Each structure stands twice: as structure tokens, then as C-alpha cells.
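For reference, the structure is listed below as C-alpha cells.
Each chain gets a letter, A, B, C and D, in the order it is written, and its residues are counted from 1.
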Amino acid sequence: MQLGIVGLGRMGGNISRRLMRGGHDTVVFDRSEQAVQALASDGALPAKDLADLVAQLERPRAVWVMLPAGAPTEDTINTLSELLEAGDVIIDGGNTLYKDDIRRAKALAEKQLHYVDVGTSGGVWGLERGFCMMIGAETDVFERLDPLFATLAPGVGDIPRTLGREGEHSRAEHGYIHAGPVGSGHFVKMVHNGIEYGMMQAFAEGFDILKTRNSEQLPQEHRLALNMADIAEVWRRGSVVSSWLLDLTADALASDPELGKYSGSVSDSGEGRWTIDAAVEQAVPAPVLAASLFARFRSRQDATYGDKMLSAMRFGFGGHIEVKK
Amino acid sequence: MQLGIVGLGRMGGNISRRLMRGGHDTVVFDRSEQAVQALASDGALPAKDLADLVAQLERPRAVWVMLPAGAPTEDTINTLSELLEAGDVIIDGGNTLYKDDIRRAKALAEKQLHYVDVGTSGGVWGLERGFCMMIGAETDVFERLDPLFATLAPGVGDIPRTLGREGEHSRAEHGYIHAGPVGSGHFVKMVHNGIEYGMMQAFAEGFDILKTRNSEQLPQEHRLALNMADIAEVWRRGSVVSSWLLDLTADALASDPELGKYSGSVSDSGEGRWTIDAAVEQAVPAPVLAASLFARFRSRQDATYGDKMLSAMRFGFGGHIEVKK
Amino acid sequence: MQLGIVGLGRMGGNISRRLMRGGHDTVVFDRSEQAVQALASDGALPAKDLADLVAQLERPRAVWVMLPAGAPTEDTINTLSELLEAGDVIIDGGNTLYKDDIRRAKALAEKQLHYVDVGTSGGVWGLERGFCMMIGAETDVFERLDPLFATLAPGVGDIPRTLGREGEHSRAEHGYIHAGPVGSGHFVKMVHNGIEYGMMQAFAEGFDILKTRNSEQLPQEHRLALNMADIAEVWRRGSVVSSWLLDLTADALASDPELGKYSGSVSDSGEGRWTIDAAVEQAVPAPVLAASLFARFRSRQDATYGDKMLSAMRFGFGGHIEVKK
Amino acid sequence: MQLGIVGLGRMGGNISRRLMRGGHDTVVFDRSEQAVQALASDGALPAKDLADLVAQLERPRAVWVMLPAGAPTEDTINTLSELLEAGDVIIDGGNTLYKDDIRRAKALAEKQLHYVDVGTSGGVWGLERGFCMMIGAETDVFERLDPLFATLAPGVGDIPRTLGREGEHSRAEHGYIHAGPVGSGHFVKMVHNGIEYGMMQAFAEGFDILKTRNSEQLPQEHRLALNMADIAEVWRRGSVVSSWLLDLTADALASDPELGKYSGSVSDSGEGRWTIDAAVEQAVPAPVLAASLFARFRSRQDATYGDKMLSAMRFGFGGHIEVKK
């Protein structure tokens, strides 16, 4: 099949490459001419702008937009909606809020254009491992694009089969799903990231407890100088917490058990926040996912106004003085 | 009545003064001779050491230990236990863990000595307002000491009476209770402080949201430059959150709405921690009390090992770089 | 002054009554003819519909809408916007999301109508105690309505003055503030309610720990049968947690220490949820406010899908069986 | 080598079997004669009581106690300490609190007996996969027992090697570590379980949000009927949250996506609680680990006293009625 790809960062470039390896054709565009040339040298058809990209595709066209969420994606989709024709499909592979997907799909439908949202996890490893994809789309549009998704997905691989799954391998077992109507793909991916935050924070807190067991604030006889790298390593082997995140932790700790090169200031992306918004909207108690997000917020601040207020109150009722040095 | 008082800091000194104002006699001792002289000039009988203090008291004696929890209190009680005689009472007015109370009471009982634990809130204001006391004691010992407690307590005052309370005012309405057997006083006080942490953190988070509504990270049109001092003030007047903690907050904000003199590093005392231990022991979900304690722990750190681990994982799966500048 | 009031529930009715006591005139309307008659017998001018209400007011008119947030308020404001004339003011005294205020104010401005948002706490007690009000409005509109607000507010009363406040009493000290532009009133009220949730949950968790100290799951010698009513009562008198919420708790416990008439299923209103949304939007760590909201969500469910999943995992790795009886 | 094993449940039995497969000899005892016979038929030497077990072992002896933590383990160790001789070793492979390990080791040292604590994860799968072990011991004692641990451990297997690890495989890469002095093994295992709770709860909350996206409480157009089994399956393939816990979740969902056979009441074991105690002792913020534990506490209750108190307060300030039906 043929696919147009807009945005040739690490993700978009690898999508193009993996599709070409699988026998598909890609027409590619990026603001950076250099990025386009790099892909062209790998076999992609270069486009000099969006109009050129559209012109090189056969109808019904499919264009995968792989850009930062927000304005870059929105603007590109708006421009494409002027260039494309009835029956064509725009695929948003970025980290878009599912509510934006639904809004866009409605607007595009008025022009008889289709919209597909693809949530992707593990993206930067996708060229080798394949892309784990959660896809929101109308059913017939999904079916039409299936060959592309099948090529991009990791495939069955050598992962032990889930108990109770039998017969031909389902799409899920190949590493991609048609999650539901437009918006579903990004909704599922959003919750995936919410869970990811929670798992990461669980490891972070646990290792913090292990690490600080050697704190000078503890009595000497209660201190333990534990080996962080070996603990991560041993847990990779048969323990209940074995996971890809633990593998990555073991990688990091093997060479730098103090993690000294990191500042401790941790970013968050939209998905973690939107997961909490969804939990609140749905009245789902999500204390772990929320605490994980808040820990990141807190990591980026030296001192909060709220903390100062605690000191002010303590001074008020107890005369405790916690002033600036 | 007559009371021996060991430890003449702000709390111990004011206990002595309030008792003397109420017609009781106090024999006082402190490591600081100056502190003893100050009380003596207010009418207390000075003691030059614990033995002297015990010698000046009539049997059955009562000695109130008002020292920092831990070694200072423990050592003093041990020494007193050698000096006192059957039927005498040791009162611990400090912030002792209730389990230590129970242990001590058992040990003292072997010498026919009695032990009373008094948890006190609002202590530094106690000379004027009276001391709000939660008391753990054997019933007859409590009754014997009642005149002292009644004098120390705030009394009925002009606080509107609770619905459904009628007739003579109970001890609780005078501001002190016999909470139960030894340990009860400090247990109730411990939970009081746990609640206090939660209420404080609720205000801290709320005011943080109000304050940061003017953050430069928000789009200009979403920003609000709210007046923290006026908000605290208006809430004092008929709102659901009106409270003494809010009064203290209003005090602090009136003169320094930026709270600029506080560092944001907030201490915690044993009670907040022990409350969580009790919740865990009793299998009570206490997410708010725990989060309040953790916020204080976090306020005292620049960056945690756990946060650095989050960055390390993010680098591992996404190539995100969050290194030290 | 003259004020139109739409919605004569407990809040709207009492606003009308308190204004009339203060010498103002009110023209009132409610879907319930009975409610209108009740107010009319107290001196209000009855209106038979919105048009009639508008007709009875002199220009520039002010109409206070005191209806449930959402459709009832929205529809009424839309209808009023057709009936009112340039310079008139619509006041929303309900629990509206501040973003809706901003949206409405923009739309009404096109018709030269003004919009004011009033957040009110302690409403059902307002007739006696006055209404604690946080107000968002253009400055000149706020000034025009000031006499009404001044009458509705609690006034200075006998609350001890905040340290550092001197001279003439400010509006905040009378119990109302001009919080800022449109939306500010409801924003501040929203955060107030978020804090309220946190304080309530702090008490709830603390009393849970006190109550379950008598649990049969604890060894007999660790159990304490504490008196909930007396504990609430004693804390009202000089303790750090003294507050109106504690007063209400003491009221409830005095007559029913088991709280047996309550099911334990607790509702939440929009404000608690929106506070978390704001915290997330502003990147403010708000673990206590979020945990308080989640506790209410959880209180309304028998068992969550998530809890069942925990059991399923435990069965998977450990053979633990936690099936339905 | 030769090992005595006391306690032949699933764990103890499999330890014996895996050791015998590896060429070691085991002398086994259990209260259940049937359990002893089952092992004997697999090649173990049966003992009729602890004295007999000790008698059949050559000095210096090693006895592995694999019993429930608490009294069963404590009593057995006490008895063994009477039967064993200088230089012998007692190994506790159960879920003991590390503080108890330290206490016991001190007591046994007076008799020149050694003590080793082994924390094991993934135990019920250990016969096939091997046992992931964290071990606290004196160094020479650990070295003496190393052949046993090496046999029990999973071994290097086909798990991709951690970046930065080179040369001969370390013990950690074989799936066991000498974590440090006595107590270290159970301390590390305890934190492992704390992390496990957090990861499980992260999945539980995420799937709850996915599942309830189809709630009737949402407007029809916002609902999504997502396929839980397929989502778990697809995430196993290249996503950031891939993990053994996810594999187990996929197993459970494949046959029962409603998880209808589980009640939603979830147990907790000591380790999750002790992890929070350690965090509190070390002043480590651990909001996720604590929230995970509290969620389990909450899952076992119909309604809390605290929730009823929230309703009582709501009634007090707002007249909201949330009474029992």
C-alpha cells in the first residue's frame, strides 16, 4: 500500500522505514528538507510540501500526521483537509486528546474525509520491535488500512501466549487493536500512559526507600548499604515486578547507581493529566495515578507556596520558626 | 492542690502559672536555674534537683513532666521512679507515643507508682486560653487530679453549646476529658495532630491553586491575580472552612501575602508519623493524613532519588533527557 | 436598592428576606407559585414570569439567578438576556464553573449586558449569619451593587480581628470580597470547596482511626473504647483543629455517636472535581484534595472493577483465591 | 549439599524438589505426614519430627524454615535453636519482618548459631522458573550456602542482558543476591512487595477508567465499549507497561473480561504495611505505595465510619440528606 507521512522525527521516520521494509510505499514530507532527504535516500518518495505530497498519492489517499500534539498537528490537518478529497483519510499518530479527535472527525466528515487516531507506545524502539498501536476508526476505514497497521505492529514474536487464547492469532496478539470509534485509540493510549506513570512512581518510591536505608538520619545500626543495581537486576529474574520498566531501570543503574546525571526534575505530558481528568469525569477513584502526576509536578518546584503556608500556620499556633536561611 | 513540675519551657512554665492563678501550689525544677528563678518570682517553690522537688511535695505526690519526648522524658521518669513512693503519680504532658505510655505504666505499677498521660493542644496559647487536654489514666487517679485539670482547662467560655448537650456542662465542655486508660490521652492527641496535618495541607493546596492562578505558565487570559489575604479574611466570616487554622493563616497573610520569609521546608513531629502507623496497624484507609505527612517529607528535599529514577526510565523508553544543568 | 431574584429555594428565599430586612426591595420569581407567594407574604413583589419580573424593575436592572448550576441557570440566563436592556446586570449566585462565567460574560457583553458571579459559602445559614460572598465582576458593576452585597454579608460581628488589620474594616472583614474579574468569584468559591473536602476528609480519617481502635481485629490489650462525642467536644475548646466543621461534627456525635443513620455513601458536587481539574491545569500538586474527592467516589461503590483485577492478579502469581461467596 | 526443610507447602515442597533435581539432598519435615510422604516419594529423606530432622543432617547443618510468618516460624526457630549446635544455620524463607530477623540473629548468635533471611518472589512458579531470592546473611555463611542458592535461582536464562553488564554473569544475573547483613533479604523483599502493590494498583485504576468509560452515568455520546482483554493483550507487545503482572492480567481477562468471579475484596500481607512503616521511619514520601495499601483496606469495607461522618457534616452545613435507605 501507499501512505503519505507528514513529520519525519524519530517516530515518523521509523514508521516510514518499517513500512518500506514491509513492501509498502511512502511519500514523505517534513519542514526540514534534510529529514526528507534522509528518508528519500532510504527509498521514500520526497514531497516538497503538503500539496505535493497529496498530489503524489493515489485515491483514496491516506496521510499519517506524526507531529507534536496541539498547533503543529492541528494546523497540518486543517491544511490537508483543504487538499484532500472525499474518501481520503487523515491519520493522527501523535499524542492528541481524544476529545480533539472526536471534534476533528466531525468537522472532516462534512467534507467526506475520514479521520483515524492511533496511539502508539514504545515508539522510539518501533523500528526494531514494531509499534504497539491502539487505533480509533470507523470499521471500514480501519479494514482498508489494516495492511499498514499489520506491517507496523510487532507481530506475534516469541512472547508466551496468553492462557485461554487459541487458534489463529488475533490482531491484539500481533500488537495492534481496533479499539473502537474515533477517539478510542488515543483514549486507550492515554490511560496506558496514566498506568505507566503509576508503575514508574511505584518503582521510584520503592528504590527511594531502599536507597535511603543508608541515610545518616537513621541510627547506625538500622542502616543498610544496599546495591541498587543488583536489586534491579535480580528482580528481572522471576520476580512479580519484572517488567520492561524494570529492565530500563536496571540498564540505568548498572552504569550509574547514584543516577547522578539526572536533576530530579521530571516532565509530564498531556496524557497523564488527561487520565486524571477522565477519572474525575467518570467518578473513578484513581489515587495512585493522581499521586504519580502530582509527584512530577512537585519535582519541578523548589518550594511551594503551600509549604510556606504550612510553616506560617506552625508559627501561628506553636511558635515554630521555619524561616529562610 | 500541690503539683511538682519538671521542665519549665513555655508549656511547663505556663502550666505552673495557670495553676497558681487558680490557687494551686507548684514546686518547680528545670535544668536551667534561670527558668526556675523566673517561676519562683511568680510564686512557685523552686527545687534544686529532682530529689529536692520530691522532698518538697506531700504524699501522695503528683509530678508533671513537661519535657521533649524521648530521652529527656524517659530519663526523668526513670529518676523520679527511684525517688517517689507508693501511691505517687507521674504525669507525662509531652508528646509521647502511647505505646511508651503503656510500657512505662506497667513498669511503674510494679513499684505501686501511677502514670498519667496528658495530650495537650494549643499549648503555647494555654496561659490565656487554657489547655485543651486529653488524659489517659486510671479512674481514681484521674479523679484525684481533677482539680488541677479543671484549673488548667479552658472552661466553658462563650463557645456556643453543641446541639443536644444539656444540663450541667461535662468535662469535655470545660475542655478536658478522661479519654480512657493509660495511653488514651496521647493516642487521642496523636490523632488530633494527624487531623491537624490534613487540615493544614488542605489549606496549603487550596491557596497554592489560588496563588498559581496568576502563573506565567498559564495563558494570559486565564490568569487571575487573587488577593490571598482578603480571601483568607472573607472565609473567616461564615464560610464552611472557618477555623482557628484559617485565623492564623489570615494573620500571616495580612502582613506578608507572599509568605516570603518562610523557606518552604516544613518539619514534622512524631504524632503525624504515629498516626499513619496506627492507621496501617488498624487497616484504616487514611490517604489524606498520609499525603499530608509525605508532603512535609518532600518539602525538606531538593530532589529525591526516586525522581531521578523517573528521569532515567524516561530516558530509557523515550530518549527524554532530563539531566542536570 | 432593588433586586430581581429568580429561584426561591432556601438560598434565594433567604437572600430576598435578608435584603428586605436591610431595607431593599426584591421582585421575585420561581417556577413554584407557592414559593413566590411565601416571599410575597414576607414583603417581596411577586412576578408571574421572567418578563413580568424584568418589567417590574427599574433600569439599570439587576437580576440575581439562584438556581441549580447547569441547564436551569443557563436557560434562565438565556431568556433574561432577551428581556434585559443595555446596562442591566445578571448575577449568577449558583455553583457555576468559572469557565462558564467567562463564556457567558463574553456573550452578554455583545448585548451590553453585564454579568456577575457570586460564590457563597454557608448558604443555608445565611439568613441569620449572613452570606460569605466571593464576587467576580467588572469594578464599576461591583460598586453599583455594593449596597446589596453589604447587606447580605455577615458584617464584622464579634470575630476577633486579624493581626495586622487596622483602621476601617475592609469589605473582606465584612464578609464579602470583589475577588477580581468575572469568573473570579466562582473560582475562589470552587477552591474553598476543594479545601472543605480536604478538611472534612481529615476529620473523617482521624475519627475512623479513633473509632476502630476498638476493633475486634486488634488484640484485646490494644483496644480502646474511646468516646467520639467527647473527643469532638473537647477539641472545640482551644485545640488546633477547632473549626466550624468540628462544631457540626460535635453536634452530630452528641446525639448519635455511631452515626448509624448515615449510609456512608457520600455525594460530591462540581466544585470538588473542578478544583482537581484546576490543579492539574496549573500543575499544582494537590494530593489531599484529590484523595478527598476519590474517597467520595469510592464511598458510592460496592466493589470496583479495579479491585477485582487486583484479586485476579493475586490469583495469577500466588494462587490466592478471593472469589465471591 | 544437604539441606533440612521444615514446612512442605507449595513453596517448601518445590524448594526441596528443585534442589534434588540439582543434585542436592534434602531432609524434610511437615506437620502433615502426607506432605512428608509426598516429598519422600520424590526422593527426599523424611523426618518424623524436628529432632529427627536435625539428627539426619551432618554438621555444620542448614535448616530452611518455610512456614507462615509469625508464630509458626517463631516457634519452629525456637525449637530448632535447642536442637542445633554451634556453627549450624537456620534459614527463614518466609515473609518475616526484617526487624524480627535482626532480633533473632542476635539471640541465636549467643548459641553460636547462624541465621539467614531469604526473601523470595514468584514462589509458586519457582519449581519451573526458579526462585528469585534476596538474601541477608553473614558473608561466610552466605558463601557456604551458595551452591544451594545457585541451584534454586532461575539462572541466566534467555532474558536479554542489561546494558553495561559484561563478562561473567553475576549472582544477580542468575537471580539471587547477597543483599547484605541479616535482615537485608527480607527488607529488600518487603520493598519489592510494596512496589508490587503500587504496580497492581496502577493497572487496577487504569482498567477501571477504561471499563467505566461505558458507564451509564456518562452521556451516551461519550461512552466507549472497550475490549479489556484485547487492551491487555496489545499492551503485552512492545508497550511501556509490558510486565509479568500485565501477562497475568491478560490471562485473567481472556477468559473472564468482567472478572465476575472476584468479589472485589482484596487482602494485604505484612510486607505492604511494613513498607509504609519504613517509608515513615525514613521520611520518604511514598504516596503511591501508601495509596495502594489503603485501596486494599477500603476494598474490604462496606462503609466506613469516616464516610458516615462526611455525610453528617454535609447535613450540618448544607442540609444534604444521605441517610440509609
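We adopt the following convention: contacts are C-beta pairs under 8 Å (C-beta built on N, C-alpha and C of every residue); 3 or more make two chains touch, one makes a residue touch a chain.
Composition by chain, UniProt nomenclature: A, B, C, D = Decarboxylating 6-phosphogluconate dehydrogenase.
No experiment lies behind these values; they were computed from the predicted model shown.
Student: So which chains are sitting against subunit A and subunit C at once?
Tutor: Looking at subunit C and subunit A together, the chains touching each of them are B, D.
Student: Which chain is most remote from subunit C in terms of Cα centres?
Tutor: Of all chains, D has its centre farthest from that of subunit C.
Student: So the centre of each chain is just the mean of its C-alpha atoms; given that, what is the distance between subunit A and subunit D in Å?
Tutor: About 31 Å separates the centre of subunit A from that of subunit D.
Student: Quick one: report the Å distance separating subunit A from subunit B, using the average Cα coordinate of each chain.
Tutor: 47
Student: Take the average of all CA coordinates in subunit B, do the same for subunit D, and state the distance between these two points in whole angstrom.
Tutor: Each chain's C-alpha centroid was found; their separation is 39 Å.
Student: Which residues belonging to subunit B are in contact with no fewer than two other chains?
Tutor: Within subunit B, the residues that touch at least two other chains are 122, 125, 201, 203, 205, 208, 212, 240, 244-245, 251, 281, 283-287, 291, 294-295, 298, 304, 306, 317.
Student: Residues of subunit D touching subunit C in their complex?
Tutor: Checking each residue of subunit D against subunit C gives 10, 122-125, 200-201, 203-205, 207-208, 211-212, 244-245, 248-249, 251-253, 256, 259-267, 287, 291, 295-296, 298-299, 302-320, 322-325.
Student: Spell out the residues on subunit C that touch subunit A in their complex, using ranges where they run on.
Tutor: Touch residues, subunit C against subunit A: 240, 268, 273, 276-277, 280-281, 283-287, 290-291, 293-295, 297-298, 300, 304, 306, 317.
Student: Which residues, counting only subunit C, touch subunit B once they are in their complex?
Tutor: 121-122, 125-126, 129-134, 153-154, 157, 159-160, 162-165, 170-177, 179-181, 183-184, 187-188, 191-199, 201-203, 205-206, 208-210, 212-213, 215, 217-218, 224-227, 229-231, 233-247, 250-251, 254-255, 275, 278-279, 281-289, 291-292, 294-295
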